[in-house]
Every structure is written in C-alpha cells, then in structure tokens.
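Here chain A shows up in two complexes: once beside chain B, once beside chain C.
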Partner chain A sequence: MTLPLTIRNVEKSIDDFKLKINELSFEEGTITAVIGTNGAGKSTFFKMMMNLVKQDSGDIDVFGKSVNGEDESWKQLVAYQAQTLIGCDPFTGEQLRKLMAELYPSWDEQLFRRFCEKLRIPLNKKVHKLSPGVRTKLNLALNIGKNTSLLILDEPTAAMDIPSRNDFLQFLLELMESGDKTILIASHQADDIKKLADYLVFIQNGEVTKMLEKDSLIFSYRLFWLKEEPPVSRIPGEIKRTYKKVILSNQPDKTLDYLTTHNLAIADEQIPTLEDIIHEVLMEGEMINV
Partner chain B sequence: METLRKAFWLARFEFNVSKIHYLILIPMIGIYAVFFNLTMDTYLEDNLFLVDILLIVYLYTISFMGKPKGLQYQKMDASFYASPYFTMLNQLPIKHKVLAASRFFSPYFAVFLGMVLVLISTYILSTELREAIAPLPFISLIFIWLCISFSLGGQFPASEPGHQIKRFTLFWSYVIIFLFFILLYLIFQLWLGIGLFNWTITLANEYPILSIIVSILGSGLMMFYWFRYSLKQIQKNDYLQ
Partner chain C sequence: MNLPIRLSKSSREPIYHQIENQIKALIASGQLSTGDPLPSIRLLAKELEISSITIRRAYQNLEFGGFIQTSQGKGTFVAEVDADMKTTMANQAVEESIRKAISTARQHELSDIEIIHLVEALLKKEEN
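Entry: the complex of A and B
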C-alpha cells in the first residue's frame, strides 16, 4: 500500500540554518505532532512537503508521487494550512469556498458548512476585516472542507479561543473516525498534542527525530518522589532532580532497581505530564537521539 | 487548451474582486487622452520626447492598475518580493502552467482596455493625429501599440512568483529604466530623427498589414518568454512566508 507521506535523506540549508531529515514514513489513519521550539524549522519542514521550499537533496513522496515531479496531481490529496492566511484579504469566505470547492474533487460542502456554523464563521465578510482568530477559523474551515486524505496543519489553533479550539479538536477526531485520513500537526499546545497525536516528531537544532509513539514515550519517563535526598549526585536513569528529592528518570526500571537496592524510600511515583516531557526533550535534548 | 481554460477560470475568479479597480482606468484614460491631444501638434512637428516617455509610463501603469493592493507584487519579508495572492494559489492544487498563465489575463485585459481607449480618445480629440493617419492604418497603429504593451507589460504577471531582492537590486532596476529611456532617445530622437510613437504612425501608414503581422509575432515571442520566466521563478523560489 502506498503511504501518504515518505521522506528520505532530505537536507535543506537556508543561510546558516540547516534542516536534516533521515527517514520518516507516515501511515494512514494516524496523527503525528511535529514539535519544536520557535524557529526550529517546523514550517520549513511542512513547506518542503508541499514543494513550496525545495530541498537541496533527498526525496519526498506524497502518495507515491515525488513532490518535485512533473505530476502535480498529489496536491489534490493534501490540505495544507500555513501559519497565516496570506493573499486572501480582498476575498470573502464565500468566494474562497467557491475556489476550494472547484479545486478539490473531495470537497465536502456539508462538513464545511457544519464547521462554519459551529465556530460561527462569517462567510460574507472580506478576510481583511476579520480578526486574527476568525481568520484562523476560516482557514481551518476551508482546509477541513477540502476533505483530503492528508492534512498538514501548521499551528492551527494559535490565536483561537478555547471553545473554538475544543470544537476544532472534536472535528479532527471525528474526521479520523473514517480511518483513511492522515494528519500532521505542528503545535505548541501540549493539550492539543495529548488529545490528538498518535506519534510525535521532534525538531531540534535542525535535526528531525524518528517518529516516537506518544504513549510509549510518556511511559518511558517516571517521576520518583523520594522521602530523603539520595546520597549520590546522579542515580541510574536520572535526567533531572528538583527539590533535591524529586527524580525524573527516562529509564524507570533501572532507577527503581537502584532505589530498591539502596533502600531509598519512595513517597510517590508518577507518570510525568506530556508537557514536562516535551520540555525535557526540547530544552535538555533528551530523547533526541532515540 | 485545458491549461488556458483553467487559467481563464482563475482569472475570472480574481476579476470578482478586482473589477471595481478597473474604474480607476477611466480618469487615467481621460487625463492621458487630454494630454496627448494637447501635445500631439508639437509632438508630430518637433518629436517632443516627453510624449514617448509618458506613453510608456502609461502602458506600464495600467498593467497593474486593475488589481487590489492585496493581489499586487509587494514585499513579503526582508528580501523577498512577490504577490501574496500568487503565494496562496501556489499552495493549492493548480498546475504551475495554469497558475503562471492565469496571471496574464488581468493585466492584459487592463492593458487592452487602457491602450485601445486612450488611442481612440486621442484620435477623436486630436485633429493633428487624424490628419497624420487615416482610420484604416490607425487600426494597424492600435495593433502595434497593443503588442508593444503586451510585450513590455508581461513582466508584471511574470514577476508575481517573486524575486529575492538583494541590497543593490532596486538600484540596478532604476539604472536599467534610466538606460532604457536613454537608449530610446538615442535610437529614435537622435539616430532616426523621429519619436517612437511617430515612427509607429509611419509604419502603420506605409506597411499596415506587415506591421500587424510583425507586431503579433514579436509580442507572441515576448509573451512566451515571460511565461517561461514565470515558470522558472516558481521552480527557483522558496516560499518561506
């Protein structure tokens, strides 16, 4: 079966920034969150998939077709939402709807209308008269209406109010029920990632990790609340120590063995939050070489 | 043919928001027609260079007058200039050939309207121009100027995919424009001893059919060049915005 998206040995240099992706394959029916700090290269990564930024080397295939090839039909299978809606200012939402409905054979009018009603998006106003939040909603409505097999969303919930964000997440989950959609989403919202993602890909200093299964990643970390401070500065598996007695480990079994062997009493043991793990990975470089 | 049909559909879509901007052409046509009428006598007798300059400035200006600001070529980031509307369309499933071709309809429509109407208005207003050229050769003159306008005006739609503007790019652009007018002066005013517009009147009078054929062929080649240039820019540019 042809995978929605495969990337092999891709490199791109822009001034002194270099983005490198060894190998990534995205399976149908999955949501992958692309995570990185500001300026890490997430948008460049997405734009390369859309052939808006040309890679220096390597291959990117969307549904088996090279994005740099003569055959541009793959674009009908992809809805790409950039961070900002540009070039649409003089148009109304209704005019943009007509454009998208003409260009995407998979356009779902009912889905689009339902999304617009739910998020109260005015379609008769020109885009330049909309607030940034409503622009984002309109952009999302247009991309959801495309009803394509692959959705690439670059920070889609930025500038959105909480109720709209929740409605959007519900719509995405509903879309995934058919099992034939694949979503790539860049987000800084740990809550979005927690609710949506099956897999995580981290981008750090231009290096892109392999795909990490979200739940496995979460369960590979553990917080140990000890009753007393350990006698050594670093115990096996320890990656961070707070309040002298709280140990964050990325090798919980080894840490637990050590604590048991050395009769160090554990007051509490917790799975850390995804936000904490993301922080560790992005700020401390943990897991990047997994 | 399919490429042209789809490109035309896109141009019509754009026309929905730009049609109101074509109204700006009306006062422009009026002002230029009055100016050409007032200066035609001096121009035909003394080759007033200002008329040639303003005619070229006019054809360049009308090429982009029919577009709202949001659709025009503009600064996108520190060094990249492009049309934001083009950038948006480039993210959609539109073949590059269709996209490139679609950019030419709107400016060419404005050029067609603007050039034909200004020449006809001047012809109606100016006795000197009517004496210089009969109605049938005047049709040939309109063809010549339409083709010149399409050839020169094609650089605007061809530029919409964007350019990296480096430190001295703007400076060199002004130098090229300046050199273009110097060259125009040297060739027509000094060497041939006749103004560019006056020269085209002579061509239309003496070789009306041949002038039309050569103009169409020349502008066809130029339009193809601009189309290929546009495609090359799409392939070359990184749209990081």
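Entry: the complex of A and C
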C-alpha cells in the first residue's frame, strides 16, 4: 500500500539555519504531532511537504508522488492549514467555500456546514472583517471540509477559545473514525498532543527526530522519589535530580537495578508528565533513545 | 460512553495491560454486560490521553480472549462471557487489589502479622 507521506534524506538551508530530516514514513490512520520551540523549523518542514519551499536535497513523496514533480494531482489529496490565511482578505467565507468545493473532489459540504454551525463561523463576512480567532476557525472549517486523506495543520488551536478547541478536537476525531485519514499537527498545546497524537516527532537543533510512539516514549522515563539522598552525584540512568531525592531516569531498569543492589529505598515512583519530557527534550537536549 | 478506567501512573504494569484488566473487571463485576457498546479506539485514546496504538493493542487482546467483539462499521461490543470465567476474573481483580495493598503496607514497613491483624480488624468493622 502507498503511504500517505514519506520523507528521505531531506536537507534545507535558509541563511545560517539548517533543517535535516533523515527518514520519516507516515502510516494511514495515524496522528503525528510535530514538536519544537518557536523558530525550530516546523513551518519550513510543513511548507516543504507542500512544495511551497523547495528542499536542497532529498525526496518527499505524497501518496507515492514526488511533491517536486510535474504531476501535481497529489495536491487534491492534502489539506494544509498554514498559520495565517493568506490572500483571502477580500473574500467572504461563502466565496472561499465555493472555490474549495470546486478544487477538492473529496469536499464534504455537510461536514463543512456542521463545523461552521458548531463553531459559529459567519460565512457572509469578508475575511478581513473577522477577528484573528474567527479567521483561524474559518481556515480550519475550509480545511476540514476538504475531507482529504492527508491533513497538515500548523498550530491550528493557537488563537482558539476553549469551547471551540474542544469542538475542533471532536471533529478531528470524527474524521479519524473512518480509519483512512492521516494527520500531521504542529502544536504548542500539550493537551492537544496528549489527546490526539499517536506519534511524536521532535525538531531539535535543526534536526528532525525519528517518529516516537507517544506511550513508549513516556514509559521510557520514570521518576523515583527516594527515601534518602543517594551517596553519588549521578546514578545510572539519571538525567535530572530535584529536591535532592527525586530522580528522573531515562533508563528506569538500570536505575531500578542500581537502587536495589545499593539498598536505596524508593518512597514512590511514577511516569513523568508529557510536559516534563518535552521540556527535557527541547530545553535540555535530552537525547531520545527509544 | 465514558468507561470508568483509571490508569495508574505509578504502576510498572504496561498501560495496555491496565486497560485490558480494568475492562475485564468491569465485565466480571457486571458493570458492562453482553452487548454493551465500548467507545471507539480514537475516543478512548482521547479520554485516557494515550495513543490509539495502545488502545488498539488492548482491544485486540480482549477480542482474542473472547471478551469483546468488533463488527465492521458498527463498533465494538461486550461479548458473551460465561459465569465461570467471570468468577475467575473477579478473583483476579480482588487478588490484584490485595497485592497493591500489600505493597503499600510494605512501603510503610508493616510485618505480615500486622497486615493480617489490619485485615481482620477491617473485616470485623464491616460486619458491624
């Protein structure tokens, strides 16, 4: 079966910034969150997939077709939500709807209408008259309405109020129920990532990590609350120590072995939160070894 | 429908296993009966904030064990589970809880005798 998206040995330099992706294959029916600090290159990464920015080297294939090729039929299979709605200011939502419905054979009118109703998006107003939040919602409505096999969302919930965000997540889940859709989402909201993502991809110093299964990643770390402060400054697996007795480990088995053989009692233990792990990866340069 | 599943962050038991056991316990205790619908994989993944891959694994194991059934396009439902199986499952669930209590007791350095006395005292209290 043809994969929705594959990326191989891609490199892109912009001034003194360099983005490198070794190999990524996205499977049908999955949701992958792309995580990085501001300016890490998430948007560049997405734009390359849409051939809006051309990579210096390497291959990007959407449903088996190179995005840099002559044949651009793949574009009808992808909906891409950029952070801003560009070039749409003079149009109304209704006019944009008409345009999208003509461009995308998979357009789902009923889904679009339901989304607009639920999120109270006015379709008769010109885009430049809408508030930034409503503009984002309209942009999302148009992209969800496209009902494409691949959906690429660049920080879709950034300007959204809480009820709308919940409704939006619900719609995404509904889309996924059919099992033949694939979503890539960049988000700074830990909650979005927790509720939606199957896989995580980090952008660390210009390098895109491999795909990490969310639960395996979380389970590969463990927090240990010890009864006493350990006699050495760093025990096996330890990557962080807080309050002298709380050890964060990226090799729980090794840490556990050490604690047992050295008779160090564990008061409590727990898997860390996703936020903690993201912090370690993005801010402390924690190397992922899943 | 929301399932009363509580994942333990401190347990070393893999998450898919926790889900499997808790759904089995819900069936054994009669909180879920034959034919009851289960949430879709995506919905449960969202509610429990874990990946759909983990839920799929738990559902597949439950289906393989004959506890649930999936029918194309309709969803996932509780299968018919015989009474003996339910008793075994109930015993397992109780055993699991006692084991957890023992481990807590050990953390507080209680002896076997002290644990037994505590259990006896609690049983007596309940009788009254």
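Assorted remarks:
What we mean here is this: the second predicted complex is superposed on the first by the 287 of 290 C-alpha atoms of A that agree within 3 Å, B and C clash if a C-alpha of one lies under 4 Å from a C-alpha of the other, contacts with A are read in each partner's own complex, and residues count from 1 in each chain.
Here is the rule we use: a residue touches a chain if its C-beta (ideal position, glycine included) is under 8 Å from a C-beta of that chain, and two chains touch if they have at least 3 such contacts.
What you are looking at is a predicted structure, and each value in this text was computed from that prediction instead of being measured.
Chain B and chain C, once both complexes are superposed via chain A, fit side by side. In the superposition on chain A, A:Gln95 makes contact with chain B only, while chain C stays out of contact range. With both structures placed on the common chain, the touch criterion links A:Asp198 to chain C but leaves chain B unconnected.
When the two structures are aligned on the shared chain, A:Val232 is found in touch with neither chain B nor chain C.
Ranking chain B and chain C by residues of chain A touched puts B first. Looking at the shared chain after the overlay, A:Met283 reaches neither chain B nor chain C.
In the superposed pair of complexes, A:Gln76 makes contact with chain B only, with no contact to chain C. Vectors from the Cα centre of chain A to those of chain B and chain C enclose 150° in the overlay, to the nearest 10. Applying the stated contact rule after C-alpha superposition, one finds that A:Ile14 touches chain B and leaves chain C untouched.
Here the smallest spacing between CA atoms of chain B and those of chain C, following superposition, is 29 Å. Note: no residue of chain A belongs to the chain B contact set and to the chain C contact set alike, using the contact criterion stated above. Contacts from chain A toward chain C in the complex involve residues 30-31, 169, 173, 176-177, 194-199, 213-215, 219, 267-271.
Residue ranges of chain B in contact with chain A, taken from their complex: 9, 13, 16-18, 68, 70-71, 83-96, 235, 238-241. The residues of chain C lying in touch with chain A in their complex are 9-10, 12, 14-15, 40, 42-43, 45-46, 49-54, 107. For chain A in complex with chain B, the residues that touch the partner chain are 14, 43-44, 47, 50, 52-54, 72-73, 75-76, 78, 80, 82, 85-91, 95, 98-100, 102-104, 128.
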